[in-house]
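The following blocks contain the structures, represented as structure tokens.
Below, subunit A partners subunit B and then partners subunit C, in two separate complexes.
On to the complex of A and B.
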């Protein structure tokens, strides 16, 4: 390898970067070249790899935190730091007293019960899962669990979240391009990977979602999240100069080199599945257990996980303030023939780095040995620089300032032009058939075949599972766990994701999915006044100004929603470059996809509320306002309507409705509660009937707000307007619930004992059918 | 006197937390002990009156569910382990623990040649769900329970099977203390749990430690009056 880069021309530099998968831009390469020119020497391979990893999009998030020149409908505005000026903007004027760690550590942390915090993190593992679904998904889970173990001084993982986007499962094999795996193979492999890792780690996988759309054929998405609990006193960590750098867990091998840089470019069908690793959850479980013991004995000053970039990233980050000296020959290896840079950059799984004071190392050694957990003392923090030796040879000497701040700030261009929404047109057929068709779409069907394979009972903490009831076939809005012994407090988790809305307007999509996550958390009993949000953006090729424009819109939508909901975003991650280059160099981008997760404490799990009707004789209310918002709705995607607008988030109603639901649950006024999202009132109502309790509603009891542009019945039943809930209230509590409401709250029906699902519009019967008919389709539509 | 219970944990064990919690709630003093502590002679089984082998994936179940762990009991701690059982002390294996006990040849009695096993579910995948069970309330483990109870299962290898003779023996001698109402995994005669001939060793696939609080019950219309899981643990502690 010719490393004489100081003499290279622009063209040579570009070629050099491509050949060694450095994924650096020309400007960055020139910066590196000039840096070493100034130093009067050539870089080593290890130095180059270390810089490439640290500056990679995957590790550095230079697009989201960088400068963006954004032109919206002809007006240009420049963002100095996109994330700060959009998603975080509301933080400046918000009460964040309940937040313990915001966007700085491995995970965001909010207050839980006195003395305890909730740590949360979600990651994506898209490219690895595209080429090796089982290993890619499993190591995605393993990685995010380590993020939680490495949050503060270490949190205990108590719940996993898994959200996937796959291509159409029925895609004919003849239409699968070379180098792309069939969506069904990806689906099965990913589910098995998540199952095997989570189940073996003994962490309940209680929350998730799956989206199917042909646009994910080339580049599926795999989101993995973990929630942890952490003592408040362990939230902060600080490496101390002179501390020993202790590598803990698995050995280091050649597996997974270049993960950080490989994830920072698109897929092209040529990627080798050999660069994806197979996880070893037992090794991770062993050190997870012992790590929390070490933490409780106060035996180390800081911890972080080895993720993308391996030691380079972990030690580089930890030693940012102090510097670090690493002796690579001390690392325990899987194989002998490793180059120094390979040892430093290896992304072998199941490894973490601790910063241990010298006087405590004896005890640490003893505890790790006693449970057969591998470790190696690989160096010391201090010295101000990043120095890496192999035996006595100096392989790396980089200034921390250059490594972490030396990259050139580029200005990216983003473009957005409003899309005119078309007039709405509804193909009028029988509403019962329409509902049946919507349930038969795998996007809306039961995910039971997947859920069953995840152990959501382990740790004995489940309060509300993804499917409830003795037969566990009743879908729930969110889930609740009770993770701490001796406390009745719980954690509610709600998710929001809907890439379809983004086709028309990413701003509205972002605001809507943020509220959906919050609706799901509040409807099962989450105290959203003390909640935190996570954003996970998966986007296409942001070099394309229009695609970056969509991302800017989505960021603005998040910021807008955060302000309206008065809930801060406290953790997040972005995965850009989710595209596939066909052999004819055509770029196939995924639709911009945003997952928002809402995590909220539940004061008392006995008050947690479920989403299925509980028995006959209760009143059914619709809370909130319905507008005709059918654009890219479930109705539209099932082929029954076209045009229309996607839902907007309305400040004047959102807070009021959410707060009403929170108060009702706090006072124990609700028998059940379901938010309205995809499929609108019709779908939510039918799902509530899956408990076997019948129910009847009359949609003439409420009015549409604004113009419908189509038959009112269709809008009332299938519109996906935000800020709405269906609630079941016993007659004895009705007066109190009504008195609490300072928002539109309309009594629209009651529960019955005949098992029939009935919808009428005044005197006219719209749907009258056994609820079990819909449930059968709902249960059986998704084939494993 | 407070009864002492040992919850033995191996690499990959992951139900130790809720199992120890259930034992403590039932009045025992529970210690989670890593298998290496016993191997090193730092913890003696003889100091305990209850032994529970909890669920999880001991040693990753790489040699078959529970196999590796069972080798410790059969060889490394053989003397101590056999003495424990012969003395009439109580041993319970839950889920992976049941798989361990079956492979450690303690059913139907100590040192039987292995003629029983727990193997892959008929459906071929891991199953996590609540199931209805019929229990033999004549056994002290289940005394005072309703004869129909519900508990969660969570396993990939829960199909109880074996050689014809031993299976006949198990059902004829009334050792099948726990059966599924609806067979979830293809087990012989719906068997979900068995006891040994002496009566002091119980192995079961369902998880009683995951139903020790009323809110854990998923059927939310008619919560049962009795919390069955904790009741089983109380029986264990009472009879130890």
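On to the complex of A and C.
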């Protein structure tokens, strides 16, 4: 079907784009129109859909890789490529010898043990999960697992990560608009979706986080990540001209049409079933297993997953250098009444595309048939163009240069003005009551009810599980797995996310969450000298210069943190346009939210360190410096203080503290280690006591750095300054640990056997209570 | 022939208890209890089924659709007190459970004459005041997602 667009006016083009859900800007539509005018013909529906998908924000990341004119406090700077000039910038001067694949494939890859690499990828599935939480979250997991299967020549998925942001669970039903699901329903559906897909795939879900805030009411966020292991020799792939295009896995149906373009615009409460994909983990498990066998027999030259945009995206990307000829009638379909463009763009799940040399196709067919895995030879790579036929009729003939590089480069405007922080004010009340209130906030409460639904034992590789301690219910900073049989090497994973800091300063937020991810990885034994970071930005309407300004600040913060920490970002994904248009055309944006994941090898998992006190009689040290940084802290969000600054990342101390912890764990000096983040010293100390061991600390043992602006006790207990850890050291190791420290390291207390949580400030007792009292609130606060 | 098979728990229905709690969370004052079951609609070509079709349905239900330790089945929808809400996927939405049930029947040698299996969910709401409008509201809020599913209340 040809569409008559070459004579359309701007108005008609806009209307046309809306009608066909192309999500293209006017400038892009005009470029397409002029291209076909020059060709002297009208485009087909398939060609237009293919261009719209390839140029979509979801697939092309036009904002993050585009030009931005950024004005900060009146000074203007132009970025030619925002990501390259901020997040990637430190790569230019950094030692990246341990990185095997950086932002060029389905996943980033770093070195693991000799001959092996670690592949890492995190995605978001926000729009689908807002509309159908169970299916949206499940297919988010399925999609990111396929990203790992499609990294290099295929990595084996060994761990899943899931992070969610939901609206306030207590939102009255009467306040939920038509077309929006209640946060509690989204929460339950998303968790069930992740559980069912991950568990059925036999992949442990070992790491995650959940944030609750009313601003996620309309647009919940669902981050899904997967870690894989890959032989180093399989890191590179190359499609060869003449290779057969082999579609493997599930059949193609009408489900998930327009996913890429739909995810590139805001939500408005109107969606149809075509936007929703339904996951089938059994099909994915079948081909995941056989794919690795095909890889080991060297039976294909390249592989990628069919994600957003379906064959259009997979074949279009793979054939970028060679071109491709596709025969759509050969695709195995779920239903008969499908148009050619629907077959090419369908986002039916559980499909991958392989580039198979002709001489190896027999063996590939045999192996796939032997495992009852569906496949279809749908064309060949080569010819320089993207040509798509349906029953001998040419439905698409596009130049690869135009498809991948023909979109107009627009300059976006971004604005940022520093926000003055207000003077800090603390409501004087009992610190024990404050701590109790902080634990009762679902953001800080135990997520055990969710974690227990996930299988984190499958594959038998878990070393540090999400919950540890005497009762197996104490949250850990990070997790460690040991994925290779016969090897003691492990992988440590740490996460960082805190959208609240971004309200005051997205730069500091980004730098802080990056360090938090690293702190979480190093505190359980990760070798951060060989680590890699992943960024996942979820932002609102970036057409708004102020919102784009916040995104620029966050990108700058990531770049700054990467330089300070000397750890590169090697993979990432952004999800923009997370806003909801109300019937009165008001745009409800999410708060700019950045998830940073740190993945680090662990040389010997036997040295991995946990986050809960291990027994009485040990010394407790505070490593790092405490400043009064209470802005948007847990204390502030619990209503006990206002004003103040959010934490900054300090170059002069950060690396020193992280390196100190790494060395201590490497030498086996620590009994336990917990980083200080939300809730500061008080919350970390209480969590460490939940293991059943009591402890006492004296906060007069250390000084606050700089001015407090409020009672010193409050800042010492609840400040959320970066680069700090609480460590438990046995008396026999204390001297060696102290000798290693070229950073502030203060002995502030000891562990006891009375089960009491005691905090004193010199002679004054600040908190004295059974730790179980806090634990009860902590474990019961989140109502599932 | 098209036959509905209902699969239900032998003992207490945990999911039903959770849903009763969720009804309370909706702000509805009346107490309701909810019973949850699964429905499979089996379509057979009677002429192609060797032997007795009813027997075939029973074998598919007993050998494929239930876990005999914890579940039972009835051929046909059980008669129960209260408002019955049946939820099915809309046309074109992938029905994994139905598809897998049909594949399993095939593998078990029960596929001859089997045209299709489609799956659905049944919720029976009972309580002192069982108002149809209220049950429709509850269904929409808790039992199904109208983007991909459709429901009938009776």
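Simple rule for what comes next: the second predicted complex is superposed on the first by the 779 of 784 C-alpha atoms of A that agree within 3 Å, B and C clash if a C-alpha of one lies under 4 Å from a C-alpha of the other, contacts with A are read in each partner's own complex, and residues count from 1 in each chain.
Following the convention adopted for this analysis, a residue touches a chain if its C-beta (ideal position, glycine included) is under 8 Å from a C-beta of that chain, and two chains touch if they have at least 3 such contacts.
The shown structure was predicted, so the numbers you read here are calculated from the model rather than taken from an experiment.
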Could you tell me if A:135 is touching subunit B, subunit C, both of them or neither one (first, second, both, neither)? second
The answer to whether subunit B or subunit C touches more of subunit A is B
Which of subunit B and subunit C A:334 touches, first, second, both or neither: second
One more residue to check, A:67. First (subunit B), second (subunit C), both or neither? neither
Examine A:202 and indicate which partner it touches, taking first as subunit B and second as subunit C; both and neither are also allowed. first
Have a look at where A:282 lands relative to subunit B and subunit C in the superposition and call it first, second, both or neither. both
Going by the contact rule set out at the top, does A:468 touch subunit B (first), subunit C (second), both, or neither? first
Which of the two partners, first being subunit B and second being subunit C, lies in contact with A:14: first, second, both, or neither? neither
Would you check which partner chain A:185 touches, where first means subunit B only, second means subunit C only, and both and neither mean what they say? second
Report for A:773: first if it touches subunit B alone, second if subunit C alone, otherwise both or neither. neither
Shared subunit A surface residues [contacts with subunit B and with subunit C]: 280, 282
Name, in rising order, each residue of subunit A that touches subunit B in their complex. 195, 199-202, 280-282, 285-286, 370-372, 451-460, 462-463, 465, 468-470, 472, 482, 485, 605-606, 608, 610, 614-615, 691
Contact residues on subunit B for subunit A in the complex? 11-12, 14-15, 17-18, 21-22, 34, 36-37, 55-57, 59-60, 125-130, 150, 152, 154, 207, 209-210, 212-213, 215-216, 218-221
What residues on subunit C touch subunit A, complex-wise? 22, 25-27, 90, 92-94, 96, 100, 141-142, 145, 147-148
Which residues of subunit A touch subunit C in the complex? 131-132, 135, 172-174, 181-182, 184-185, 253-255, 271-280, 282, 334-335, 348
